[in-house]
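There's a structure below that I have some questions on.
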Amino acid sequence: MNDRAARSKARQTGAELAGALEVAGVSRQYGGVVAVSNCSMRFGDGLITGIVGPNGAGKSTLLRLISGDVAPNQGQIFWRGRDITKWPVHERAAAGMVRTFQLGSEIPGLTVLENLLLACQGNPGESPIGALFRRGAWTAFEREATERALILLETIGLRKYASSFAGSLSGGEKRLLEVARAMTAQPSLLLLDEPMVGVSFVMRETLIAMFSQLRDQGVTCVIVEHALDVIEKLCDVVVVMAEGGVIFEGTMADMRSHQGVRDAYLG
Amino acid sequence: MNLFIAALGFSLASAAVIGLAAVSFTLQFAVSDIINLAAGEFLTLGAYLTYAARLIHIPLWPGALLAILVAGVLGVAVNHFCFRPLARRGVGPFSLMVVTFALSIIIQNMLVVIFGPSSFTLQFGGSTRAIALGAFVLTTAQLITIAVAVFAFAATWIVLHRTTFGISVRAVVNSPSLARASGIHLERISDGAWFLAAALGAVAGIALTVSTSSADSQLGYNYLLYFMPAAFFGGMGKITGAVIGAALVAFATTVGSLAIGSQYENVFALGILVVVILIKPDGLMGTIRAPQVEH
Amino acid sequence: MEYYIITLAIIFCSDAVFALGLNLQYGLCGIMNFGYIFFYALGAYVAGAAALGSQHTALAHSTGEQFLFGLNVGLPYPVNVLAAAVIGSAAASLVGLTLMRSLRADFAALMSVALFLVAYGVIGNLTPLFNGYLGLSLIPTPLSSGEPSWGYLACCVIILILVVVIAVGITTSPMGRRMRAVRDRPDVVQSLGKSVFRTRWTVFVVGNGMAALAGAMAVLFLTGFSPSAWAFAETLNVYTAVIVGGSGSNLGTLLGTLLVGVGVVQGVLFLPPDNSVPYLIPSLQWVVLGLVTIAFIAFRPKGLVPERPPRRVMVDRPGRSIVARIQGKLGARP
């Protein structure tokens, strides 16, 4: 399916349906190891949901099941009222689902600015025909996109690196770039896989502010994190996973007093 | 029906050689994550080294043995001094393949520089004598090829499953980081595995030359089309898969050449490959490594 | 001497188009296509057969060559060259449907080798198609009478310029950026909603179309074409050109073609041949080419002319607003 067609198609139906993200009975095994086991839950629309849990609980796998990087052995995934279980990664992304990567995902051979421009959807210059024969259209598109990108870079303090190769940034700066790029893609659903890894405390605050701003704009966020202070500042709902399943869903305060959660972390 | 049985017979000998070459190729991939386009040159080197031995008056059998050992050493050298250092420097799988391709050209042409462009034969007395076994008719050379191949496969299996070295190889193939953590000396193991792979390739090349009676610098290159699909079919990196794939390729090409004509037998090898790609672009029986990202 | 210069120049034009197509696939998009020379051959055969046209009977008497199963598909120049490029692209679009789906690019490379080997064998054996291992001969060179002319050279230069315009146009566009991103991090590109398969397939089609074009340009000048002209080893020539020159850089690729295609291959001809061992120098030439390639990959992987991102990016200049700066930069471009 053509990128732009998929995206506009999803946007149309999305506007009609009160679509939340839902996983229904998803399981995923690797050989004999069960990573996610019969997990069912709804992620609140327009909320930031945090997923926490001890190592090996299946948090990252669940995120990758949602993003499409991994296919479930059983179960289904729904988004905006549509069954997206069989959708390939790029179709989900084109429909507004953007993710960040645990190990970082800046594209090293592109400049910082190019990394952002890559995230723009619907660029008429991204095909050979478009590149050669619709120069006017994409030049205008790029001009506007570059302006927005530079403003965004300005707000996160990376403006001076616009022409530098993304591979030359520091770890924390790469994280910022990744989030900035995710924002440029104008997501309706943002999946964050341990975004605070390798980020300084100062930058953490910047990132938290960016995510909150996105949520205020109506973007649904799902964030897998270890740092509970980040979860506390950011998340509206907290989900605790252990051994492939969900053992708690609710607010941070309730989580602290939940016996099952204590057992999972300490047991 | 006779045609079918005859095909089975013929294909046994070629399955033996394809199998040896395929196992060699797939072992190199399993241990070093390299698709070695110069893998065919181990076959060529095996034949040429035996020929060289004969030139200094060493008879065929000891010459062949010597050739296999020297080829093994060359395999170690190629990995130790070329592929591994480059991979360590961060040269990606793309560029490494180009390196293996360049290496194959270098080897082929160096052989021409040293030995001249003409082909040669490797034969022993009675090698072309035909022997009937029920419905099959095979030459002595072909029978010996099959026997040698079976012996080589068995020996390889024993090495991989019953020796410390072999078990270490399998550990490295399954999880390099875990293997290193458990004290296995990765470099020595990979060198050893390359010795084995190169030796197997040399056996294949010698057997091929003896049973088809001539070799030139293109020997291994011409054989790529058979053992590459065989290894791929069985799943890159999987040794038993390579043997099964070899049997399949041998049988399909033999049937094809009997049915249509020997000029087009390579079309059948391609047919297998195309079917595999259409069904599962990354190998039919699964691969050992997860999809790679080039950096 | 004039003859020699024209020869060199025409060969350079064809080799350059050939190398640019590879740079697009390998240098810019990370596509490992080891069967690349097959498309060159396809283009050459199509253009050659079309140039021979309806002379089946006449040729049957003189050279005995057969082609296209006796069908008459004669096309005049430059239509036959165009047809070659179109057919090359069409073949690539079919092949690419399966080849570009592979998750591992090096597996796709393996497949491309196998496909090449089979194509080589089939064309060599299927005599009624392109006259098997003897190949086509007596192909007329356009715009010349007996000797290659400045006219044909001019046409080749025009084609080269056109291809350079296309290559640079794609490279400096958002498509070029997407290609480079697919080369570096295909997983990230997927996660941004863009189909990696589609990108690779498109580049595969365009790049191999260029190869076919190069083959067509060459064959009309060489007047003959047989499997020995596209043996697998010839692939090393074009890969060396791209790697030495600078993979990812169109300018570098042109430079590499000049150095390797003209410099090495032609330079070797000036060495005195030893008639007692006539194979020595050609074989050593291959060895040198192989060593040069490995040396560059090991020690100077970026090549002589490293790839640079398109100069569309803003440079900090204090005292001007962002918007004004952008408009100024973009407005200044032709």
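As written, the chain order gives the labels A, B and C, with residue 1 at the start of each chain.
Keep this in mind: contacts are C-beta pairs under 8 Å (C-beta built on N, C-alpha and C of every residue); 3 or more make two chains touch, one makes a residue touch a chain.
Everything numeric in this text was worked out from a predicted model, so none of it was measured.
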Chain occupying the most central position, where position means C-alpha average: C
Most distant chain from chain B by Cα centroid: A
For chain B paired with chain C, centre-to-centre distance based on mean C-alpha positions, whole Å: 31
Geometric centre distance via CA averages, chain C-chain A, whole Å: 41
Between chain A and chain B, centroid-to-centroid distance (C-alpha), Å: 46
Residue numbers of chain A (touch at least two other chains): 108
Multi-partner residues of chain C (at least 2 other chains): 183-185, 187
Two or more partner chains touched - positions in chain B: 295
Residues on chain C engaged by chain B in the complex (per definition of touch): 26, 30, 32, 34, 98-99, 101-111, 113-115, 117-118, 121-122, 125, 183-187, 232-233, 235-236, 239-240, 243, 277, 279-280, 283-284, 286-287, 289-291, 293-294, 297-298, 301
Chain C-facing residues of chain B, complex: 35, 37, 82, 86, 89, 91, 93-95, 97-99, 101-103, 105-106, 108-110, 112-113, 116-117, 221, 224-225, 228-229, 232, 236, 263-264, 266-267, 269-270, 273-274, 277-278, 281-283, 287, 291-295
Residues of chain A that touch chain C when the two form their complex: 3, 6-7, 67, 69, 88-91, 93-95, 98-99, 101, 105, 107-111, 113-114, 117-119, 121, 123, 125-128, 130-132, 138-139, 142-143, 146-147, 150-151, 154, 159-160, 162-163, 165, 181, 185
Interfacial residue positions of chain C with respect to chain A in the complex: 166, 169-170, 173-178, 180-181, 183-185, 187-196, 198, 202, 206, 307, 309, 312-316, 322-323, 326-327, 330
